[in-house]
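Lettered A, B, C and D in written order, each chain numbered from 1.
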Amino acid sequence: MSSNSFGKLLTVTTFGESHGPAIGCVVDGCPPGLEIAPEEFRHDLERRATGKSRHTSARREADEVEILSGVYEGCTTGTPIALLIRNTDQRSKDYADIARQFRPGHADYTYWQKYGIRDPRGGGRSSARETTMRVAAGVIAKKWLQQRYGVTVRGYLSQLGPIVPAGFAWEAVEDNPFFWPHAAQVPALETYMDALRKSGDSIGARVNVVADGVPAGWGEPIYGKLDGDLAAALMSINAVKGVEIGDGFAAVTQKGTEHRDLMTPDGFLSNHAGGILGGISTGQQVTASIVLKPTSSLRLPGATVDVDGNTVDVITTGRHDPCVGIRATPIAEAMMALVLMDQALRHRAQCGDVGEVPPHVPGSVDG
Amino acid sequence: MSSNSFGKLLTVTTFGESHGPAIGCVVDGCPPGLEIAPEEFRHDLERRATGKSRHTSARREADEVEILSGVYEGCTTGTPIALLIRNTDQRSKDYADIARQFRPGHADYTYWQKYGIRDPRGGGRSSARETTMRVAAGVIAKKWLQQRYGVTVRGYLSQLGPIVPAGFAWEAVEDNPFFWPHAAQVPALETYMDALRKSGDSIGARVNVVADGVPAGWGEPIYGKLDGDLAAALMSINAVKGVEIGDGFAAVTQKGTEHRDLMTPDGFLSNHAGGILGGISTGQQVTASIVLKPTSSLRLPGATVDVDGNTVDVITTGRHDPCVGIRATPIAEAMMALVLMDQALRHRAQCGDVGEVPPHVPGSVDG
Amino acid sequence: MSSNSFGKLLTVTTFGESHGPAIGCVVDGCPPGLEIAPEEFRHDLERRATGKSRHTSARREADEVEILSGVYEGCTTGTPIALLIRNTDQRSKDYADIARQFRPGHADYTYWQKYGIRDPRGGGRSSARETTMRVAAGVIAKKWLQQRYGVTVRGYLSQLGPIVPAGFAWEAVEDNPFFWPHAAQVPALETYMDALRKSGDSIGARVNVVADGVPAGWGEPIYGKLDGDLAAALMSINAVKGVEIGDGFAAVTQKGTEHRDLMTPDGFLSNHAGGILGGISTGQQVTASIVLKPTSSLRLPGATVDVDGNTVDVITTGRHDPCVGIRATPIAEAMMALVLMDQALRHRAQCGDVGEVPPHVPGSVDG
Amino acid sequence: MSSNSFGKLLTVTTFGESHGPAIGCVVDGCPPGLEIAPEEFRHDLERRATGKSRHTSARREADEVEILSGVYEGCTTGTPIALLIRNTDQRSKDYADIARQFRPGHADYTYWQKYGIRDPRGGGRSSARETTMRVAAGVIAKKWLQQRYGVTVRGYLSQLGPIVPAGFAWEAVEDNPFFWPHAAQVPALETYMDALRKSGDSIGARVNVVADGVPAGWGEPIYGKLDGDLAAALMSINAVKGVEIGDGFAAVTQKGTEHRDLMTPDGFLSNHAGGILGGISTGQQVTASIVLKPTSSLRLPGATVDVDGNTVDVITTGRHDPCVGIRATPIAEAMMALVLMDQALRHRAQCGDVGEVPPHVPGSVDG
């Protein structure tokens, strides 16, 4: 399988460079009969978009999705769904100066070491622009999971540098540009980000993703575990340096009596496991948490080398987020949704369907 | 691909239940001409083995590996290498009492929910016994990486519950049953573990794995990233709830100027990235860290349900480690070695060989 | 995926050399709850076995299958099913003389060219002995297809060198050692084979395989077509040099009005397509035909070279079939059954289940 | 892996329907540094194009390939290469009448049975239009194989209904619209086709494909055999009902002494095997032959049913080739080239490079 693809039965292949003609993806394996329209991609793409507020990069893309295939008269047909977004705001000149330099903390150096050639414009293939297509593909997965199983996947920023939420409400998350779960802290976040941007520096962050409604039984031992797939999917997001399921690293200092989730006929009494045991969903909330490193594209100079091995000081003058973690929220949601849908199909293949199947739509094979 | 397989070019497929006739694996894709003998598996299998000391489970398996195929006159032939270990110490009776109960924190419940049938003996397929074959497969990968590229993969216990190393020396790691990097603390660890075992409880742990000598250029964007593969491989180990690369979650509170690894003509000035940028190795140490949850098999009773939905109190009377993290060290090493060897082969396929082939020249077909 | 594996959801991995300690396979993805016992493998393995009659090789293996995993109390559990057969009749000395020679028409030369090392005993990995495990895996697929969908897969020898069947009856096929569909011709076949064996030469053959009861809708466009999968699976059988679906090469000279299968409300009026259109089953019989080349292991000398490039005359003195096509019948059946089961699971994953699902067995998720 | 993808290391994913907005493909795994320009696709696309002569369909597409990604300053970068062709000549009205009917011999019925929904315009996903992207992807593979290993892949029409070549010259093949290897027969072919078109009927054909320069050692036992991969790749072409390697079905009546290719220090004395033994290339010409059924889209009425199960007579009024086999030649070449390039990369991964690396020395890790 292409290394630019993921998913066993719901397979997503992305392509495109930051400043090439277009980015796109092919989503294959989607059941037939799912209604999907181009405008349905807009909401999540806007949530991810750069330029959403002054706290993220000033670059603004139209990001209009064109459906090239796999949808007929508004319904998926079971054939591959190709989605395309033209790159309209490329500004290659911003990057021309550093085409021969390796920005510290970037993939510039490793792509060059691997391939001996690289597209330096805007980070090329390694740009976070690629994640746009993940979000687009995720829209399909989210809709199918919701319609078919009532599953919802939501995320939020759970830490911004030193700041942690002082409260939690899902309703707050979509009401501020930080995906922050506690409205009262938003002014403090804005102050923090303004100072950071002024300083020319950047900051790390943490994002949590949660799936509600996942039935027990999704996930495949041993190397197709639900948490293994989530770890790969989330770690593949640009700037992610760590993935936790459930309590994650807090379990290092936990006792067994503290960590184990006791059960009663009414269900589990806790969810330290993050809804996954032995790689298979328990029927509880599936929870994951990721760390996004601070972006290395800074206005503050840093020592590096150029392609000839000379010492240079590099300053990134392009548009960059001082905290890439903020808009990682919809990306992480998309990756979790895609993994869940893939596992749902895999489970149905081996074990038959779970739960209540809605009445078949006339003429459709799959409800 | 089977969900009991991993690796794209070096593919490992494992099979077997804890108390079935045997466990085994098939390692496919290994280059021909590697010398390998049955006794070479012994060292790492002993490092992983239960019964190594009083601080791990008392179960003792001979764990003699039989090479069934793929090796002729002591050399790999390029055909699949099948390894088999008979289960000789099964003691199914230990588990008979809980065949109808779901141990909290175990895969018992999820396997039953998924498949409607499970082998309850010793955890069946979900037992950590399966990891024996990972370690065996890892021996092949370690040897090939060492011979071919001079790569070494080593691990150590970097936290045992509340205890963190007060010093670090690789030489210490193999001289104590804890894989602990600071010899002076070993008596304290023994005291801690003795008290823990007496209490009937268990504890979490953290394991670090490090690869030295990895050349720049291994790893494939976007969904075949080296860190993505490591995340999946390490998360698939029993009891692992989190994976970090490089600084991992510490990056949440780091500034960009703090995290980015500056470069000079003599190399990088730091390694916050853990030797991976954009999913591709930088040529530095590749570092990962994992958390192992405290085992849920406890002598202390805990509320759960049985297959009929009745409330029961379960006590695990079998042999279990109070800290499964301790012997996870060689397992994590094996997983990292297998991922690295797979990526080495993938890199050689697309970009030609490293170390023997001249640097990529622009305009050449490939290196 | 390992090149010694096939199947996307029902994945079969085989291992082992002709004269190594054992051959085996891992069958992964089988739904839980299928009853399977070691003795159920016997029938098809005997049908395939060498030594069945004087018309096939005199080598006789016990070929007792040991189930190593994936089956608990007689039922599949959903975890990988490992099957093992020890090689008990190895007689390596038969082959010692030709270890340094390349038998013309054999894989000796190509394995050596590819790997620079080979196991010369009995053809090593390239021996038809490997197909034993395909037949074993096929037993599971045949049973599941029969129980779940009422599908049967049967084959017969449709041509032996110049001899074609003068009549057809399925009942005849299993009543003679040739899998020949017309009983009256069996004495003529015996006479032909006796003369052939006396001459020291060998002969080609054709085998047909037919699946009844396959519902419409199995198969996946574009590169996972049912006929594409069948072509790969059947071509991978030793000595096969061609694969046809339906009318196959006869279609070269057919007109469109002749080839197309007209439809009425009662079904198709013909089946030139072999039950597959656009890569998807039509609901008719699925039919395939393969050619098996005459074995190149002959007692008649032939010019070849040795590993040093010298001219030598090679005579094969080991045990070999003068017509390998005869016992290819159960192998071809197995491959078709495995492909169909894989496609059935893939169809269920994407499109939900087809047809009447039998009542669930108590406790099982999948009927 | 997506069923709309093929290839393990050189992975091609195609998407698009005959009358949707566009068709396209993603080619992943191509080594970096290969020069490729949009105009290089033109030659083979024209060879495949409908409308090339009055003997193929009158539909004419511009078929201008746009390179969307993976190429920077005219060179491949190692990242996925996306190619796009807009559908400019759709004429959906041609097909509107039969949207509710199942054309006999077409995938209409099977897509409907599988998915419960289909894009009826021009055959939708099942249209031969999809093969345009195979040809485009094949251009990349042909160029790389030629540059890197001196491999050439060529095809020709080897039978048109009852007509077989009376002579053979590669030079002739590209000088006539039939890819026919004997110039003197071209008028007779034209006469035959004119009469056929007049009659409203269609005819089958046979296409041969040949690769020169393939080094010994490409191909992977057991289920990744070179001939197995070729069989799958060629059978996946629309209308193909059979695949032969080397002598193919002629081997049914051959003796072993006749079929086996004897060897001398100067090479093989014949090539009945088609350049493949044990699934691995011998270093000789690799030869394959396929049958293309007569198209079922005829102006002559034929009985069928509609989606409601009523009997109807269907007449296809759209543009269709009376012999689809003619323009299958470049498609078959493309598929063989793609398979060979994939196997070349796979071989390089496991065994090191050929042609540049010294012969395997016993005892070495790999060549």
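Going forward, contacts are C-beta pairs under 8 Å (C-beta built on N, C-alpha and C of every residue); 3 or more make two chains touch, one makes a residue touch a chain.
For reference, the UniProt names are A, B, C, D = Chorismate synthase.
Everything numeric in this text was worked out from a predicted model, so none of it was measured.
*Asks:* Could you tell me which chains are in contact with subunit C and with subunit D alike?
*Replies:* In this structure, the chains that contact subunit D and also subunit C are A, B.
*Asks:* Comparing A-C against B-D, which pair counts more contacting C-beta pairs?
*Replies:* Result of the comparison of B-D and A-C: B-D.
*Asks:* Tell me, please, which chain's centre (mean of its C-alpha atoms) is farthest from the centre of subunit B?
*Replies:* D
*Asks:* If you average the Cα atoms of subunit A and of subunit D to get two centres, how far apart are those centres in Å?
*Replies:* 37
*Asks:* Counting in whole Å, what is the centre-to-centre distance of subunit A and subunit B, each centre being its mean C-alpha position?
*Replies:* Taking the mean C-alpha position of each chain, the two centres sit 26 Å apart.
*Asks:* Using mean C-alpha positions as chain centres, tell me how far subunit A is from subunit C in Å, no decimals.
*Replies:* Averaging C-alpha atoms per chain gives centres 44 Å apart.
*Asks:* Check each residue of subunit A and list the ones that touch at least two other chains.
*Replies:* 1, 3-5, 8, 14, 29, 32, 78-79, 111, 114-117, 125, 217, 221, 346, 351, 365-366 - these are the residues of subunit A that touch more than one other chain.
*Asks:* Quick one: in the complex, what on subunit A touches subunit D?
*Replies:* 1-5, 8, 11, 13-17, 20-24, 26, 28-29, 32-33, 66-70, 72, 75, 77-82, 84, 111, 114-119, 124-125, 363-366
*Asks:* Under the definition above, what is the set of subunit B residues touching subunit A in their complex?
*Replies:* 1, 3-6, 8, 14, 102, 104-107, 109-111, 113-116, 125-126, 130, 159, 161-162, 201-206, 216-225, 227-236, 238, 241-249, 251-265, 269, 272-274, 276-283, 291-298, 300, 302-305, 309-311, 322, 346-347, 351, 359-362, 364, 367
*Asks:* Hey, which residues of subunit A end up touching subunit C in the complex?
*Replies:* Touch residues, subunit A against subunit C: 1, 8-9, 29-32, 78-79, 217, 221, 345-346, 348-354, 357, 365-367.
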